[in-house]
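In what follows, structures are represented as C-alpha cells.
Next come two complexes, and both contain subunit A; in the first it sits with subunit B, in the second with subunit C.
Take a look at the complex of A and B:
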C-alpha cells in the first residue's frame, strides 16, 4: 500500500479538477431551472416496436411546446426498464437519486408498473404512466403520486367484449400472455363478453417473453369449436401469433380478432398481406376526423415520415398531459408533488383519440373505441377503415385510498 | 486461496483444529480496515445514488457469500441458490401481507423455515456431485420459480408489493430514508459476513474445505460427510434468504424473477469475479459486478455484450478472481521483503 507522494499529488489534482467541473455543471443547471422528465421505456426486446412509437409521440408533444413549459426548458432523461421489474426498480432509483428528475413518465409493462408504484409513492415522486394498463395500477396500488394518461384494461376490453357479443358472436376462446396486463385485458374482455350473453369456452395463456411457439395454444383454440379467437399480444409476440395462426390455416376456420396491438401498424411490414381484412378494435386510428387528430397526424408525418400508430398516439398523450400540467403550474414542480398529479387530474384536453378526462383515481378515461378493418387503399397500401365506434367502459373499483 | 493452501499442506491434517490465521490475513486486514471505515462513513460524503448502489452491492454481496460457502468452501457448485433468495422475499411478504404478522416475527420464521426446507432439499441434492448437483439444484429452483409464477395467492408473475422495512423509530430513524436503510443493510451484511467468517474458520468450516479437497479422505477419517454437506447447504440457503429479505425490503417488492436461474448464475459469477473461498471475495465480486454493469449501461445500450467480454477477461487474467490477483500481488511483496 505504498503510493508515491508524486502519485498522491497527481491523483489529488485529478480529483480536484473533477470536482470543480462537476460543481460547475450543477451551478449551470440550477440557473436554467430545467425540468427533468425521466422517460422509462422498454427500448429493447418484445415491445421494442411500440416503444419506438411511444418515444416519438412523446417527443412530438414536447416539441409542440418548444420543449419549454412557461419558459422553463424541459429535458428528457431516458432509461430502459427491459420490461423487467427488478431493472425497472433500479432505473427508477437512478432517476430519483442520480439524475434527480422532477417526475417519471413512460412505463409500458404493467409488471414493471406494479413494481414501481410502491417506490413512487414512498419516494414522493410523480409517476405518469403511458401504458401500464393493468387495472390494479390505479386500483389496488393507487397513490396520490400516480397517474395514467392512457386508459385501464377494463375501459377498453370490457367495451370490446360487449361489442362483439352484440354482433352475434356467441362463443370465443381467448389467448394472451400470462402476466398482469394479459390477465387484465383478457379478464376485461371476458366480463364484457359474458355480461352480454357471450361465452368464453376456454382461456389460453402463453408464457410472457419466454416463447416463440404458439402452436399448442392455437391447436387447442382450433379444436374448441368457438366462433372466434380473441387475443391480446403486442410487438414481436403479436407478429408470431398472427403468422402462426395463418400457417395453421385457421384464418378461414376461426378468425383471430384482437385489439390494435395485435394488428399494430408498426407490425404491418412484418405481417405483409396477413394484416389485410383483419378486424380489430382500436383507441385511435389516423383517419379520425377531429382538429386535434388531423394536427397530430400531420405533425407526426412531417417529423417522422410515417403515419402514427396507436402507441405513438399514447406517447403523445402522455407528453401532452405532462406539458399541459407543467404549464398550468407555471413551469415549476410544486413543493408538494401530489399537487402535480392533482393538477393533471383536473385537466381536460382534446387528444387525437378523443377527449381526455381523468377519474378520481388519476386514470384517464376512454371516450371512444373504434372498430377497424384493415383494407387496401387506392394507392395499394394498407389503410385502416372505421366500421363502427362505441364508448369505453369505466374503470374497475379497487382504490381504497382517498386523495 | 490461503486457507486451503495451509490445510492441504499441513501434515497434521487428521487432527482438524481451527485453522491458523494466515500471514496474508494481516495484509488483508490492512487493506480492508480503511475499506470498512469508508463503508461506515459513505453517506456523509457520497451522493444519494452512490449510497443506493452500495446498498445493492451489499445485498448482492450477502447473496454471493451464501453461494460462496457452498461453492467456494464446500466445493458444491449450485445453480439454484436464487430459490432461497426468493424464499426470503416471499417469506416476509406472505408473513406480513397475507398473514398480518409483524416483520420481527415474519423474518425469523422465514429464516427458520428456509433452514428446514433447505435441509430437506439439501439432503436430496447433496447425494449427487459435480454437474449432477448443479442440475438438480437448478431443477429445484426452476420448480419453485414455476410455482411462484402460477400461484394466484401470491399474485403470480406480478409479485407482491408493500413489503415493510424494519421499524427503526426506537433509534429515531425512518427506514424509508435511504441513509437509514443503508446503515440497516450495512449492519445486517456485516453480521452475516461475520457469521460466515466464524463458520469457515471453525472446525466445521475446516471439514467443509476438507470435503472440497478430498471427500474420500474425509469419509475415511470418520466424518459424516453427508451431514456436513447438508449443514453447509442449509447455512448457505439461510444466508441467501437474508439477502432475499434485504432485497425485497430495498425494492418494497418481490416477484418470481428473484428465483430465476439467471439470478443464481449472477451470484456464481460474482463469486468467480471476486474470488471463491475467500470470505470477502463475493462482496468484492458483487461490487465489481454491480458497478461495472452500471457503468457500462450508462455508456452503451448493449452493455451485456461488453459485460460478457469483461467477465472473460477476469477469468482469463485473474485466476482466483480480483482478490486472488490482489493476494498474489501481496504475496510477491512478502517474498521480496
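Take a look at the complex of A and C:
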C-alpha cells in the first residue's frame, strides 16, 4: 500500500490543528482573559508627588486581590496626561484604540477630567475618576459611563465651611488660585460658611501657578479684620503661602486654615516647624481607628516603607472600587458597559477613610471629614492628631440625565 | 494709606528679586546680543546648589556665597563651548538661540527632577534676619528688608564697576564696537564667557536669596523667565539702569494689582509691555547708543 505524500501532509495538518485547538482550550481554561485598566495620571510636573502616592495606593488595592478578579488577571496600562486636557484626550484615545483597555481609571486634574468625560460617554468607555473633584464632573457632565471614587469639591468644602461657622468663627478671608478647582473649593467653603451664619469679608484670588510672592494678598488679609484666612493651595504654592504667612507674623493674628493639601505631608520637610500646630480639615489621616484603615496603613508601610498620605488613600479607594466591581461581575466586563458603572454605584464598602457609598450620579460620598492638628509625636516627628470630625455634605445638583 | 505704603514696600521687595534676575539677562543681551531663555535654568541651578551647601554646612551665608559658583561655571562653559562656536558658524540668530536656550531651560528642569525628584525644598531664614520690624502699624519681616538692601547694593556696585573701572570700560567698548576691542588685543571670547558666567551667577544668587520666602522645586525657573523678560524689554535691552527702574515698575505694578485689582493682575504687566513695544520699542529707558 502506498500512502501518498499528500495524504501524509493532510493527516499531519489535521493532527497539528487538533493539537493546536486542544492546547488552545487548555490555555483558555487555565489563563482567563485579562482585564486591562488604563491608568491615567500626571506622573511628571507639579502634581508628581501626589501622583506617585495615588499610583502606589492603586497598586496596593490590586495586589490585595492578587491582581486577579475571579481568576481573571488584571493588568495596568499607564499613561501621563501631563495635567493638560488635550494630552489627556490623546492618551484616552490611545487607550481606546491601540491598548484596547476595558476601562480607564485615574485622572487628577479637573480640567483633564472635564475634557475626558465627554469622550468616555461617546466611546462608551467606563471612566472611574480618582480625583477630578470639580462639581461639574458628576453634575453637568454626568454620564452612565462615569464614576468618581473620591468626592466632590462641594461635599468636602461646604461641610468644612459649616463646621468652622459652628465653631464661633464669624468672619473669614479666603485665598485661592484663580482656576476651576480653586473656584470650586473656595466656592464650596463660602456657601457652607455663609449658610451657617459666617461672613466672607473678602475673596482674594491669585493667578494659578504664577504668583511667587503673596505679600500683597497677605497684607490685605491681615488688614481685613477677619478672624481666619481659609486657603486652598497645593504643592509649591502652598509652601510659599504658609511660609510668607508666618514671615509676616500672622500666625497668632489671623490663622491660616486650609485642607489637607495646604498642609500636605509631602510639604512638611520644606515647611519645617511651620507645620507644627497648624489646623486643617482632611478626608483621611493615618491614625483613623478602624479595621479597614489599620490594615491599609500596615500594608502600605510594609510595601513602601512609609505612611500613606491622603493621595495614597484616594488611589487605594479607586483601585478597590474597581476590583470589587469586577469581582461582583465575575471578572468580566459586561457587554453593556453601563452595567459596570451601575454595579459600582450599588457598592458599599469600608474604605480606610470611612464607608464609601455612591449617589445617583455615580459620585462617591464623603462619610466623614476630620479636623486635624499637626503635633509633635513622642519620637519627635510630626504627626496628625484628630480634634473633631463631621459628616461630608451632599453634591451640588446639575446632572440632568437619568440613569 | 498705611496699607498702601506697606503694599508699596512689598512691591519694592519683589522688584529687587526681579532685578537680580533681569540684570544678568540684560548684560548678556546688551553685550552679546544673545536671547538667553535658559536664564531660569541658572536660577534653578543656583538654588539647588545653595540648598546642597546649606544642608551640608547648615549655613545660609555659605550657601549664598558658594551657591552661585555652579551657575557661574555652567554659564561660562555654555557661552565658551556652545554659544560662541555657534556664533562663529553663523548659527546665532535670535531664533536659533531662543530655541537652543529654551530647550536647555526644560532640559535642566527635567534633569533636576531626575536627580532630586519632584519634592519641594526650602532654605531656612538665617537667625540674624529672622525677626520683624514694626513698620507703619504692621510687622514687616526683616528678611524682606534684607532683600531690598541686597538689590540696591548690587545695583550700585554694578553701576560703579561699569562706569568707573577698566573692566567696565572694556565691556562698554565691547558693546559699542566689537572689532575695535578685538583689534586692541582684548580676548573678547574670554570676556564674553566671563560676563555670561557672571550674569548666570546673579540668577543663581537670586535663586538662593528668594529660597527662604519661596520654595525650591524643579520647575521653579520656568515661570520666572517671562517676568524677567518683560523687565528687560521695558527697561531697554542691555540697559542696566533701565532694568533697575523697569524692575521697580513691574514689581510695584504686580503687587498693587494683586492687592487692589486682582482680576487685572495677570494682564497688568503685559498690557504695559505691549504699550512699551508700540510707543517706545527701544524700552522706556533705552537711550539710543548708550547700553550696558
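Assume the second predicted complex is superposed on the first by the 369 of 403 C-alpha atoms of A that agree within 3 Å, B and C clash if a C-alpha of one lies under 4 Å from a C-alpha of the other, contacts with A are read in each partner's own complex, and residues count from 1 in each chain.
Heads up, the rule we're going with is that a residue touches a chain if its C-beta (ideal position, glycine included) is under 8 Å from a C-beta of that chain, and two chains touch if they have at least 3 such contacts.
Everything numeric in this text was worked out from a predicted model, so none of it was measured.
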Clash or fit, subunit B versus subunit C on superposed subunit A: fit
Touched partner set for A:396, first subunit B, second subunit C, both or neither: neither
Touching partner for A:93 - first (subunit B), second (subunit C), both, neither: first
Which superposed partner A:114 touches (first subunit B, second subunit C, both, neither): first
First (subunit B), second (subunit C), both or neither touched by A:44: both
Subunit B versus subunit C as contact partner of A:217, first or second or both or neither: second
First (subunit B), second (subunit C), both or neither touched by A:239: second
Per-pair minimum CA distance [subunit C against subunit B, superposed on A] in Å: 5
Footprint overlap on subunit A, where subunit B in one structure and subunit C in the other make contact: 44, 178
Complex contact set, residues of subunit C against subunit A: 3, 6-7, 10-11, 13-14, 17, 113, 117-122, 124-125, 132, 138-141, 143-144, 210, 212-217, 219-220, 223-224, 255-256, 258-259, 262-263, 265-266
Subunit C partner contacts - residues on subunit A that touch it in the complex: 44-46, 48-49, 178, 204-207, 209-213, 215-217, 219-220, 222-223, 235-236, 239-240, 243-244, 247-249, 266-267, 269-272
In the complex, subunit A residues that touch subunit B: 1, 43-44, 80, 84-86, 89-90, 93-94, 96-98, 110-111, 114-115, 117-119, 122, 134, 136, 141, 178-180, 183, 208
Residue ranges of subunit B touching subunit A (in the complex, touch as defined): 30-31, 47-49, 51-52, 56, 149, 156-159, 161-162, 176, 178, 251-253, 255, 257-258, 301
